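The letters A, B and C name the chains in turn, as written, and every chain counts its residues from 1.
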Amino acid sequence: MSFHVSPDLSVWLGAFLTLCIFSFLYKDNPFYRFAEHLFVGVSAGYYIVLNFWTVIVPNLLEPLSHTFVNTSGPAGLQSLFLPRLGDYRIFLVVPGILGLLLFTRLFGKIGWLSRWALAVIIGVYAGIRTTGAAQADFVAQVQGSLQPLWISGDLGASLNAMVFAVGLITSLLYFFYSREHKGGLAVASKLGIFFLMVSFGAGYGYTVMSRISLLIGRFQFLLEDWLGLR
Amino acid sequence: MKREVPLFITAVIGLFMILSFFVPHEWVSVPADFLQASAVILVGFGYVLGGANALRVNFDAIYKKKSGWPYKIVLVVSLLATVVIGLIEGKGFLNPTMRSKWIYDWVYSPMSSTMFALLAFFIASAAFRAFRIRTVEAGLLAVAALIVMLGRVPLGDLLSDWLFQAKWLPGVPHTLHLSTIQEWIMSVPQNTAKRAILIGAALGVMATGLRVILGIERSYLSGED
Amino acid sequence: MSWTTGLETLDRRWLFLVMGLLVAGPLIFPAGLPLKVSPPVQAFNDAIEALPNGSTVLMSCDYDPSARPEMVPMNRTAFRQLLRKDCKVVVTVLWNAGPGLVEATLNDVAREFPNKRYGVDWVNLGYKAGDDAVMVLMGQGIKNAFPRDYRGNETNTLPLMMGVRDYSSFPLLVNISAGFPGTKEWVQQVNSRFHLPMVAGVTAVSAPEYYPYLQSGQLRGLLGGMAGAAEYEKARGEKGTATKGMDAQSLAHIFVAFCIVLGNIIQRVKKREPA
């Protein structure tokens, strides 16, 4: 095993910033705070530039400029108002204006104008998420739960199917708050809590795995890319 | 007017988007496609607005010399530098030779990765100081967590092989591995509870979506008027 | 002061130090512990392997540098598997901070296939804001949502994109996702509305919530976290960064389990101690 420290200053910068963040583990200090604020500034700047060049320019400004090319004469002017799927011609001015109206939020007195743009966003997302949740998370999940409880020749699969059915029904009953949990409902919801606790435990185990993986990734960078451990 | 017009817009667009799920005809699909394209553009503007707001808030903090204001100068300078460089470099600003790409690779990327890596240390500390088993339910949670954590890694199977193949544990099948138990926990009991939560959450999303579309839920229209 | 009080008041920075050493140690002195391929990972591999050679596949890489250790190995191995099958790959990115990292990952793998050309065998359409709205928008036309690719080319001019219309052009969606927007949204908006079969590689923190989708058939395969990525590498006969990290993962898990057990032992002992 040997170390071959990287001669690349960029790698040294990445390692320095990594160690600045890790220094928080000892205690809060100026190096960590410097790195934290640098990170927030670069992130915000990057988001602005990215969305300008990848959304506003190709999806709004360029199609609008193509729309206004060759519009001399009545046929050309008429074509401005003839949208097709994927080519919305002059109608793209509407989201353009609404997008600019979003910035009125920064100015107190006229901030209410931004609500129109927000209303479009909320309307679109409320619509598509309602149907998405209904189809994928409700209908398909109930469909997937309707499995035979007895599979001849396979005792293990049959037991699993029964445990699955009992677990699903009791977990759902735990969330049924329209009646007081007494008697049979209390027993069922208690059993449901046991299944829920198992799932939370499994979730905790996977969360531990995820966070440790991120730490392993950073150490791999420091040991292999920076210190050149081979 | 200041509230009624947005509520009307939300209702019309929301109902139209729900209709577009069921009706494939172009009288519905083309306007729905336009609305989705508009939403994409508006979200893009929204991110730019977020960055502009961060600039405004921090300029204000520097001007009023609020606590930690020297660090805000670092934030503002780095934000402006990233924006200016990115705008000058044009639409290929993330191509390999660009300064914006260099900032992304060697300033943004290492710090983004490290911020979340810190959590691994705090998870260990919290496991030692705060994870207390005081009830049967908490015990179940702990046992499931331990089996999943150990069963998911190679060392877990080596441990279970050593344990179950020991002569002082006769009768236990040698094919019983911690990873098999872990896989059963994930596919059966864990799955049922997650499915129940998913179904419940779906009902909640549908209800909230309809409340927003019908104007009963108005929290997105923040403000006094 | 009894040992229980001493341990109870232990400065947590000692725990941080032990965690750091247990993670760094196996990276410096690897043990090469054996891996086993679990059924969801095998299913992921088999779903891609079952594709006819030369198919055009949609791959959505929805992650950023904060999830790099888990996502990049999955992305690399899946992209390599697709290129080996001579599949044409159309890549999208729905996370703000993802495009640069995804492009670098794809380029790294593409260099192993000198006969594969950008624009002909694979295309990176880059990032688009809008989350689920983009997913539904792509259903009417991929090029409508992405008029330009990551490198600034008009997508209409790319040879691979000539044959791509909407989701009906793909037999499979390979989704590598670190959270929102990601696998859940692809299932809700694309798998359910456009019936596009999909497989997913996700972070470990979100993997448990996708098991219902796996059981119902909405997902045909699932990779969960770095362990899933390592198992996938083993299934493909490769030894990448995920496999190299599993020794460290093992020791760290043992340590966290030990912390849980020790913390509770201390609590029990203190309860029995006279006040």
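Criterion: a residue touches a chain if its C-beta (ideal position, glycine included) is under 8 Å from a C-beta of that chain, and two chains touch if they have at least 3 such contacts.
Being a predicted model, the structure only gives us computed values, none of them experimental.
Colleague: With chains as vertices joined when they touch, what's the shape: line, ring, star, complete or other?
Modeller: Shape of the chain contacts: complete, all pairs touching.
Colleague: Which chains are joined by the largest number of contacting C-beta pairs?
Modeller: Greatest count of contact pairs is found between chains A-B.
Colleague: Comparing centres built from CA atoms, which chain ends up most distant from chain A?
Modeller: C
Colleague: Taking the mean of the C-alpha atoms as each chain's centre, how many Å separate chain A from chain C?
Modeller: Measuring from centre to centre gives 14 Å for this pair.
Colleague: So what's the Cα centroid distance for chain A and chain B, whole Å?
Modeller: Centres of chain A and chain B (C-alpha means) sit 4 Å apart.
Colleague: What whole-number Å value describes the gap between the mean CA coordinates of chain B and chain C?
Modeller: For chain B versus chain C, the centre distance works out to 14 Å.
Colleague: On chain C, where are the residues touching two or more other chains?
Modeller: Within chain C, the residues that touch at least two other chains are 16, 19, 23, 66-69, 96-97, 99, 128-131, 133, 136, 140, 144, 148, 193, 208-209, 212, 215, 227, 249, 252-253, 256.
Colleague: When you check chain A against every other chain, which residues touch at least two of them?
Modeller: 25, 43, 46-47, 50-51, 54-55, 58-59, 85-86, 124-125, 128-129, 131, 133, 135-137, 141, 144-145, 199, 202-203, 206-209, 211-212, 214-215, 217-218
Colleague: Give me the residues of chain B that touch two or more other chains.
Modeller: 21, 29, 33, 36-37, 39-40, 43-44, 46-47, 90-91, 104-105, 108-110, 112-113, 115-116, 120-121, 123, 127, 142, 145-146, 149, 152-153, 186-187, 190-191, 194-195, 197-198
Colleague: Spell out the part of chain B that touches chain C in their complex, as residue ranges.
Modeller: That would be residues 21, 29, 33, 36-37, 39-40, 43-44, 46-47, 90-92, 94-95, 101, 104-105, 108-110, 112-113, 115-116, 120-121, 123-125, 127-133, 142, 145-146, 149-150, 152-158, 177, 179, 183, 186-187, 190-191, 194-195, 197-198 of chain B.
Colleague: Under the touch definition given earlier, write down the residues of chain C that touch chain A in their complex.
Modeller: Going through chain C, the ones touching chain A are 13, 16, 19, 23-24, 27-29, 66-70, 96-97, 99, 126-133, 136, 140-141, 143-144, 146-148, 185, 187-189, 191-193, 203-205, 207-209, 212-213, 215-218, 224-227, 241, 244-245, 248-249, 252-253, 256.
Colleague: In the complex, go through chain A and note every residue touching chain B.
Modeller: Per the stated touch rule, the residues are 10-11, 13-15, 17-18, 21-22, 24-25, 33-60, 83-86, 88, 91-92, 94-96, 98-100, 102-103, 105-106, 111-112, 115-131, 133-138, 141-142, 144-145, 160, 163-164, 167-168, 171-172, 174-175, 192-209, 211-212, 214-215, 217-218, 221.
Colleague: If we count contacts the way the header does, which residues on chain C are in touch with chain B in the complex?
Modeller: Residues 10, 12, 15-16, 18-20, 23, 33-36, 38-39, 64-69, 96-97, 99-101, 103-104, 128-131, 133-134, 136-137, 140, 144-145, 148, 150-152, 193, 208-209, 211-212, 215, 227, 246-247, 249-257, 259-264, 267 of chain C touch chain B in their complex.
Colleague: Touching residues of chain B toward chain A in the complex: what are they?
Modeller: Residue positions touching the partner: 2-3, 5-7, 9-18, 20-21, 26, 29-30, 33-56, 68, 71-72, 74-83, 86-87, 90-91, 93, 100, 102-121, 123, 127, 137-138, 140-149, 152-153, 184-203, 205-206, 209-210, 212-213, 220-221, 223, 225.
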